[in-house]
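Letters A, B, C and D mark the chains as written, and numbering starts fresh at 1 in each.
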Amino acid sequence: MSEMQTFGNRPRARALGIAVGALATGEFNAITDVHGVRVGHRTIIQGTGALVPGQGPVRTGVTAIIPHAGDLFLEKITGAVVRINGFGEVTNTQQIDEMGVMEGPIMLTNTMNVPRVADAVMDWAFEHSTDMNVTTWGISPVVAETSDNYLNDGRGRHVHREHVFEAIETARGGVVAEGAVGGGAGMICYEFKGGIGTASRVLPAALGGYTVGVLVQSNFGSRAKLRIDGVPVGRELLDYDERLQRESHGSVIVVVATDAPMTSRQLKRMGMRVAFGLARTGTQGGNTSGDFAICFSTARNRPHHSTTLTLPLTQVVEDGALINTLFDAVAEATEEAVLNSLFQAETMTGRDNRIIHALPLPETVEIMHKYGHHEVHLP
Amino acid sequence: MSEMQTFGNRPRARALGIAVGALATGEFNAITDVHGVRVGHRTIIQGTGALVPGQGPVRTGVTAIIPHAGDLFLEKITGAVVRINGFGEVTNTQQIDEMGVMEGPIMLTNTMNVPRVADAVMDWAFEHSTDMNVTTWGISPVVAETSDNYLNDGRGRHVHREHVFEAIETARGGVVAEGAVGGGAGMICYEFKGGIGTASRVLPAALGGYTVGVLVQSNFGSRAKLRIDGVPVGRELLDYDERLQRESHGSVIVVVATDAPMTSRQLKRMGMRVAFGLARTGTQGGNTSGDFAICFSTARNRPHHSTTLTLPLTQVVEDGALINTLFDAVAEATEEAVLNSLFQAETMTGRDNRIIHALPLPETVEIMHKYGHHEVHLP
Amino acid sequence: MSEMQTFGNRPRARALGIAVGALATGEFNAITDVHGVRVGHRTIIQGTGALVPGQGPVRTGVTAIIPHAGDLFLEKITGAVVRINGFGEVTNTQQIDEMGVMEGPIMLTNTMNVPRVADAVMDWAFEHSTDMNVTTWGISPVVAETSDNYLNDGRGRHVHREHVFEAIETARGGVVAEGAVGGGAGMICYEFKGGIGTASRVLPAALGGYTVGVLVQSNFGSRAKLRIDGVPVGRELLDYDERLQRESHGSVIVVVATDAPMTSRQLKRMGMRVAFGLARTGTQGGNTSGDFAICFSTARNRPHHSTTLTLPLTQVVEDGALINTLFDAVAEATEEAVLNSLFQAETMTGRDNRIIHALPLPETVEIMHKYGHHEVHLP
Amino acid sequence: MSEMQTFGNRPRARALGIAVGALATGEFNAITDVHGVRVGHRTIIQGTGALVPGQGPVRTGVTAIIPHAGDLFLEKITGAVVRINGFGEVTNTQQIDEMGVMEGPIMLTNTMNVPRVADAVMDWAFEHSTDMNVTTWGISPVVAETSDNYLNDGRGRHVHREHVFEAIETARGGVVAEGAVGGGAGMICYEFKGGIGTASRVLPAALGGYTVGVLVQSNFGSRAKLRIDGVPVGRELLDYDERLQRESHGSVIVVVATDAPMTSRQLKRMGMRVAFGLARTGTQGGNTSGDFAICFSTARNRPHHSTTLTLPLTQVVEDGALINTLFDAVAEATEEAVLNSLFQAETMTGRDNRIIHALPLPETVEIMHKYGHHEVHLP
């Protein structure tokens, strides 16, 4: 088993022989396979026992996705946010939709920390620009969230300026830590421990060899619905532990990156395929789900200031196999990224001594066998 | 096996023990389980052999979904159309979105017949109203389409006024004919013969006992992706026959009816779950897919003319189990309706002697067994 | 007075010295100032006296806007449709929004003729393509409408195949007939006779010298609200004639063409400025208004089939004066096109001997003087 | 002149005889005429002279609109946000659109303060709920912004927790302070001093006697375009002072309140009329405008928790005069609210000793006379 298949202490889905979809993965099977994309996490875990609202215990964090190595304000990336179920917040979506671009890093955190993280992104941007809000307008941060209230003291808003800076500044390419890290620290997926997961797909050379990378912050799903490569694993594990009784079906944020040159309209079409990828894991979203796809292309940056009247920009032709294979890539990588968030996350005890178990791997393998998937085995 | 499970000459999915989802079905496991909803088909099959553009062979038709027994113009139904992939036409979607209501029957046909069917709906409405376009405005027909070009002479636009009238006027409740009938006559699903399929779900009494009925006109999917209850049936059947080589991934129209009182905003939320239901059968939609959910509630009709300033209307509370179970019902019934369109449709030979095979049932059962679904058997 | 200012028997607004906005007009002050754009009308006027539903009198027609001289199916234009108030139909808007392109001519007609005109556009496309619906899919016509029920026998759907062909085939550049012609034949604007109006703006050379052309089919507005260059002309003319008592506020279709290279997202932004241009004439749209902006750029055509994976396409930079001046151009040309539809249209008697008067020019001049606009005079 | 016409030291538009539109105003001609709606401002003005980024001078503030007297989290108001030009932020718009409701006060501030104000709203909500983020989810604040960078040190984000609390807790009904107050402190309108403005309309008793109240934070417009009741006041005042040379066209936030029972869909239709109201003052929005309408109805509150499956809710009938008159009310009140922001605001000197002049009233009256509006006079 290569390192790529064991980012954490547990194996990734593919290390067990669970290889959903038909396309090849990138080198790291991660969003960082899209050239230039970096990821940084800051995980914040403090205290145990009974919830003291505003104090702890703390099971939260923040994740930064950095689209490119340049100035993220002056070189805006083409982007789009697609709403799947909108009971949640992604900041500045109207501006992204109006202008077709995003500014700055994409930040993932918990629900109540959105304002503090956005404020810290402003601080960070100010440090990199003496012009901002002096001779030009200010950055419009992109911050998305899911709620870790079940395990974490949400009221405390424990993600501070220094955590945000650290997530941004430690972001790197290559292997991405998954599971209960960064914004995913306190998240729950299909009533097992979830959090951050990532995956990628590379198109054949004849289709341009483009890469699609996905990173999820998974915090959704009722156990009974969980499917792994079509197998009703959740239904078979209903009695595995004391199940979570939550009112809500939770949420998921899915970040989709590609080096294929795509307009914001085309990226919206990509984002719609996220719903299909999620569905393959069993969910259909719930009433209070804040499920969003945040999509960007690294191949169509637009400068903040321009001295020309027009800009030549390349875009994918929407005819033939390329666009359809890009759609395949999004659905496949989304499905696998969710699985990786489950396979990588370890059991966590949080506020009020609530325990969320990791997906049990031996039992999962057994169930896969029961449903004919004999290619699956513990690594 | 009850009659309900063999609407056509072939069994329905449930007759083989394939019972996707967790909720109970309605009496007929059909959209007609929603009280007052009726369905009528007019199938048009003429000629064989080489295509003579504009002449034949003809493998097409039209389906009418009648939302209620009253005047469909004067008593408008609350409705919403959700775009999943918009390479297709549903007439009057902007008006439906603006006003939150639909007028008249919902018609399904092939792509090039949309104008003729819309024109015929006007004729039909005129026959039922001497006021229309004299003292009041005219009807805004709702006509949706998928393309049967592969088997049918699309250019000929063979659906005429009398066919439309017949579909509307023969519409009835109870058992709904499925497969290669009505608008679905010439349609193809996962490269097998598809067409019309339907299914329903009934909520527990504690959740109001509401019914959700779905009817699909299926014309989508590449073989390799087909999943039945999670099992990769398509992948296992790749060598079953000479496969279709189409540029396009095809389209699907999904009509969702419910007697739960839902606003147009709530119906849009329902329509989004159609994407998840479709995804469970393997697809993620293609570049040239015209995939739409057309949703209506029979419990919030709005009169064309009103003498009061305000109208009291009931709506579902979006808190707790009811709304989530309605979402479940949409996803489950959509999945099963697609399966029924495959299970019911029989092999068809069309233009240029092209053959589209029916999904082979013995092989399908065998594959289901291979993947642990021993509850499945030929009826 | 040049010919340009008297397309019809009456003068255009500018011939009276009413020159709204600040930008220069194109040569013809018409949508045809956008290079390659042609307009054709077929006006249908038959019979007088009492309405015989389905028979007459007939006061209707059809207008074709041809975006470029090439094959309108194989070379698709970048386009967008913006809904201002959606109580009306523009066909295939979902597809336009999904794909960012339009196919074929843009047709304007009356409400009930939409299906027949769409069907005729298919006929016309078939005549120009033996492949269509044989080896490729079919055209998705763009047909928009407003209702001429007040003067015309709407039920009769009097626009036939030959009228549509004639409008398309007689389309030409240069001077555009305005007023009660083509699709505008039976239309009413601010309770005066309206119909087709057009105008254009040319940007300074330093901003690329781009042209924006607008063509309206005006059928909206309550008299009391009419403003001409800010002057409350409608309020002053309330007692001019026996006013129309209509339930509805009517509708308007606004076609916006430009040779500036704009994406579909950018064209949506242009379309939003149509609302502002309309507002300058006094309206704010009514409950039953079907007000849409149909926008296209002639500088970013996309081929139906492409042998490359990507396409280099130029777009306007959204920074600085160019984009704002394009917005100015849309608002100005929309305002002036509405005025031209009023200034050009002549009094018409229609069904049931209903008379809709032309905007009275001497009175209008007098009112303009009363409000300080002494630059206005009869030509 | 009544007190109502002189909220500030300068008169309101109506006190000069400028009474745009046709409908009657409410008692205070303010958003507070909608029963239960309260407004609170906290203005922050500190320092003079050269900009020290992050320090000052400070010309900013925050405004709170309180929709009703109950618990703003547990009794959610039916609401909708309409984007006119989306280069700006209103927090949580996706959730509002998905669910059709808003939570908490509506806050207006400057651009860079959005996160801090949102965070403070959370603090405030926590103080009013021990359950929040413990047994239930947290509040989704609604914070909107325009940029006061020209006069203010935007980088400093000078709106703090205590200012937000003060704005919320001092909110009251009746007369609303206008001009350079609260969120409007540093704003600029048509290159004159702008800020907060408000107006209202009351429908006739036969149409239910409903009230529509509007409050704007005006920060938009190029001088040349300014129209007052149709008169080109801005063009006539081009040489009045040294004009602002800004790259941006600025932004405006328009809050629309009504006691008419309207669904979120209907409120979106209301919001669209804001664009028409703004247009009457001359603007068409600019490339970098963040122009939004935030609309709510006080007559359809929805409880956070509900023990029933369905909820009976009343809505306005969209047929006949009521809905159209509500549209009139929005356009009229928006126009007048913008004028009030101009008429009430006084000349301000800000960062770098930049001066923005108040609209000069004597000159304005003179211009109104020149254009025939002899009913206008200084009070």
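Just so we're on the same page, a residue touches a chain if its C-beta (ideal position, glycine included) is under 8 Å from a C-beta of that chain, and two chains touch if they have at least 3 such contacts.
Being a predicted model, the structure only gives us computed values, none of them experimental.
Comparing the CA-atom centres of all chains against that of chain A, the greatest distance is found for C. The pair with more inter-chain C-beta contacts, choosing from A-B and A-C, is A-B.
Centre-to-centre, using mean CA coordinates, chain A is 36 Å away from chain D. Chain centres here are Cα averages; for chain A and chain B they lie 34 Å apart.
Distance between chain centres (mean CA atoms), chain A to chain C: 46 Å.
Counting only residues that touch two or more partner chains, chain B has 85, 98-99, 269, 318-320. Because contacts link each chain to all the remaining chains, their graph is best described as complete. Of all residues in chain A, only 51, 53-54, 83, 85-95, 97-99, 111-112, 114-119, 122, 126, 130, 132-134, 137-138, 140-141, 147, 149, 153-155, 157, 248, 288, 290, 292 touch chain D in the complex they form.
Interface residues of chain B, counted against chain D in their complex, comprise 98-100, 207-208, 261, 263-265, 269, 304-306, 308-320, 322. In the complex of the two chains, the chain B residues touching chain A come out as 22, 84-85, 224, 227, 229-232, 247, 249, 269, 272-273, 275-280, 283-287, 318-320, 323-324, 327-328, 330-331, 370-373.
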